[in-house]
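Going by the order they are written in, the chains are A, B, C and D; count residues from 1 in each one.
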Amino acid sequence: MNRKDISHRLTTIEGDLVQLAGPRHGFHLVTLQRGKQVQTHRGVIDHDDLIGQQWGSIVKSHSGNPFYLLQPSLSDILKSTKRNTQIMYPKDIGFILVTMGITPGVRVIEAGSGSGAFTSALASMVREKGKVFSYEILEDKQKLAKENIHKLGLDAYVEFKQRDVRFGFDENDVDAIFLDLPNPYEYLYQVQTSLKNGGFFGTVLPSSNQVIKTLLELKRNPFAFMDVCEIMLRYYQAEPDRFRPTDRMVAHTGYLVFARKIIKEEQIINSEN
Amino acid sequence: MNRKDISHRLTTIEGDLVQLAGPRHGFHLVTLQRGKQVQTHRGVIDHDDLIGQQWGSIVKSHSGNPFYLLQPSLSDILKSTKRNTQIMYPKDIGFILVTMGITPGVRVIEAGSGSGAFTSALASMVREKGKVFSYEILEDKQKLAKENIHKLGLDAYVEFKQRDVRFGFDENDVDAIFLDLPNPYEYLYQVQTSLKNGGFFGTVLPSSNQVIKTLLELKRNPFAFMDVCEIMLRYYQAEPDRFRPTDRMVAHTGYLVFARKIIKEEQIINSEN
Amino acid sequence: MNRKDISHRLTTIEGDLVQLAGPRHGFHLVTLQRGKQVQTHRGVIDHDDLIGQQWGSIVKSHSGNPFYLLQPSLSDILKSTKRNTQIMYPKDIGFILVTMGITPGVRVIEAGSGSGAFTSALASMVREKGKVFSYEILEDKQKLAKENIHKLGLDAYVEFKQRDVRFGFDENDVDAIFLDLPNPYEYLYQVQTSLKNGGFFGTVLPSSNQVIKTLLELKRNPFAFMDVCEIMLRYYQAEPDRFRPTDRMVAHTGYLVFARKIIKEEQIINSEN
Amino acid sequence: MNRKDISHRLTTIEGDLVQLAGPRHGFHLVTLQRGKQVQTHRGVIDHDDLIGQQWGSIVKSHSGNPFYLLQPSLSDILKSTKRNTQIMYPKDIGFILVTMGITPGVRVIEAGSGSGAFTSALASMVREKGKVFSYEILEDKQKLAKENIHKLGLDAYVEFKQRDVRFGFDENDVDAIFLDLPNPYEYLYQVQTSLKNGGFFGTVLPSSNQVIKTLLELKRNPFAFMDVCEIMLRYYQAEPDRFRPTDRMVAHTGYLVFARKIIKEEQIINSEN
């Protein structure tokens, strides 16, 4: 099964990851497999009734409720990732990918693996020739991340490692390192050791206190071009006759902190001699 | 010259797209070429002095001012795109890519080409096997977009077409269509004709009036799962001892509108006969 | 009983409006009356145990739960107003008062009365010599507004009128008119008839469509200096060791629209002859 | 001259504070005085031509440019206050007034006086029977604040004191204290000494670091009900055919911190013996 092919087919085949979306009540992500069934709050659907169908068509559950058969976007996948921790949000992930130079071919380290949500975003982007190195201290957590990556057919682009980040990373000169850990400021030595010169460092932190500590440590290490920002995503009611923002919104997911590894001025001065 | 290789080299070679970043005053994007010079506000730099240097190192202009030699991220490229129109912002682009399923291998249509900024974001993501079809009515504008794409070495992944969108698109069953036009609501028939079932439609619109018209038309055509949102990006002063938001920010770039093409209910009912 | 005196006393007396605030679970507003009891989720408290106590002191319910005895702010009063409709938020009210010149002595019309929350804000500000004229079409609704104003001891500053706004207002040359109605654009003739030249008009509207209609009508009537804005209030967790925004927030209450009545240019030209 | 009367007159008299607003280019605040002139970028206007005119009418400068003759709102006054420091914004001031119980009759301390902008907001609200006590360490600054308060005819409601706040306040049992100082956390002992039990404390601080320090100190002193928030004000273009937010906005003025003075638990326990 090769996920890339999905975009060139108009009908589903066994092995496809599909999204079953009800008209107004959330959705299910399913990898199609002959003989299996999907259980929804609105009735049961046989995978066999989903295989060979056109994308975008309506299928009905045994109880007659309609579902659209769709290809999930990365955002849909992120939202439905089975999780054991707070996961990163699509609004933050899109910006991180664009800001940290994550494109096909790059080699990137992340720690921790979390539930594999951000891992899958990275893996989707770096393939075919790039690689994600995903570190996690807790075996249990990584198990779930591995399952999620496998479900998405992205195993070839991810190398999982179970290790405490304070013992460093195996890779050298990677293009980017992202730490989704509460205390990234304790691991900047390890980061700069494995990051190539000019490489991208990023992290996401819930509290101001953590950002303050991280900025302090970044200034003490060979980093420059620090940027801190936050992204607020505001949804609107998609009603043409009463267009207005939704009543409530997510107010905060985290502060994004970015920096780039540079060669220290003193090294420069030496090289000029 | 193969841009993919950049991420596996630690030093620059001729043909690399490099970013020269001053400590606090903007940056320059340059494609390295023997014998040429970069003119900056802080002095002249010979390309020959940049070729063969380590990424992340400091180079000095003839007048002694230091610049960091970096690989640009997609965000850096977007910010420095030579432009003749309002361009899309990295904050919006990242979210659009993640929301509209833009990953390696997909086929996507955009109109208009604009200055090629969003084109380059799409092209970076869909390679090696995907393709961007970029439509533009104005020859002059497209000329600049072509130049920008060429400068980035992304020509192989973009097919430019000069045409008024109301005459439709040549492609069928593409995965996604993004209209960066002031009146997308006039072209939804053309969109649904070329978009595959289940495919992603997206647009960005400055005013509520345009969103209202677009939602009305989406409801009259075979689209579902309409989402409207806006993304607010707020930067902070990266100062550990006085951490605070910057004084001013961009308040609005545009409302993002997304929808998916579905098969109309009546078609379903027929197919059930 | 004279509420003004509250601020010059350090202990409560019968008739005071007091706030009973639990350490982390909301609060109760009570007008003290000998012999009565407050029922809370954390036990019963006798009014007699509250009368003669110091402001800021802790009192305990029969079941031993502590409550702070406080004077409510206008914001506290607004939050706890018994309501039968969506009420206006303190964040919007504060800005409206400051923007529409609501200070002691002014005469202001509002329609509808709603639950009396905004009425009480206006009344608090215009006393002693100003007056609020509060119009409402529905008798039931106004009954609640009257009760709430009475509970706050503000009756002397409010004149309630039960009437459909399309039949106009009794007053002339008032300083300000605020319409909290879904269709203010239908009543601008009535507004300009009763508003003094230079007077302030304001309204709050949930949807863009309503704002668009209102702006159109304001331009057709003798108004100028239109301003539209919205206020986003973001709370933070008041924790010094993990200072961060709360996870969720109110994303939208309404667009605020302001304008000032002016004398039409043609009138001016005549007066110059 | 009695400012309260303004709202009951339809024409200007000598001594009125008037706003001269051009159709799209800012405004001037002027206290009318026979024989004087206003200099604007759009020509000169004689005060004599403004006295006895209707509010809301158009007057023309010697060069023929039109100006509306209006009564300023508190917000207009705040915006045009002659200043020597960063002043507080109407969006924040409205919310502070509503949250800190600032209504007619209250006694409130502020420090420092700044340019008198917030002082004038407080004075407008507390009159006729309330009082503002305004402390400032710098004589020069206070001079400007005094001038501004005098220009607004609010002298009767403000008592200025030139003093370093660390030596405490003369008043006892005031209803509210607002510190507009960079280091409010150093003066909480002085605040709690002069604030009545249950009274309101407030401050506005630009950086997270200052908020964190203030929260720490509030917890060490007899305060409860800490609230931290920020207010984002977003303006829209008031154009009915292209209704949209303005392109840029003020992103940050300051974090608002509120708390209430309470009687410490140990005092309670003693009083129960």
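In the analysis below, contacts are C-beta pairs under 8 Å (C-beta built on N, C-alpha and C of every residue); 3 or more make two chains touch, one makes a residue touch a chain.
Keep in mind the model is a prediction, meaning the values are calculated, not measured.
Where the sister copies chain A and chain C meet, the same residue numbers recur on both sides for over half of the interface positions.
Interface comparison, B-C versus B-D: the higher count of C-beta contacts falls to B-D.
One simple way to say how far apart two chains are is to compare their mean CA positions; for chain A and chain B this gives 20 Å. Between chain B and chain C the centroid-to-centroid distance comes to 47 Å (mean Cα coordinates, whole Å). Between the Cα centres of chain B and chain D there is a gap of 45 Å. Each of the following residues of chain A touches two or more other chains: 208-209, 211-212, 234-235, 241, 243. Every residue of chain A that touches chain C in the complex is listed here, in rising order: 206-210, 234-235, 241-252.
Taken in their complex, chain A has these residues touching chain B: 4-8, 10, 21, 23, 54-58, 66, 68-75, 78, 90-91, 93-101, 103-107, 121, 124-125, 127-130, 173, 175, 196-200, 208, 211-213, 215-216, 219, 224-241, 243, 255, 257, 260-263, 265, 268, 271. On the chain C side of its complex with chain B, the touching residues are 208-209, 211-212.
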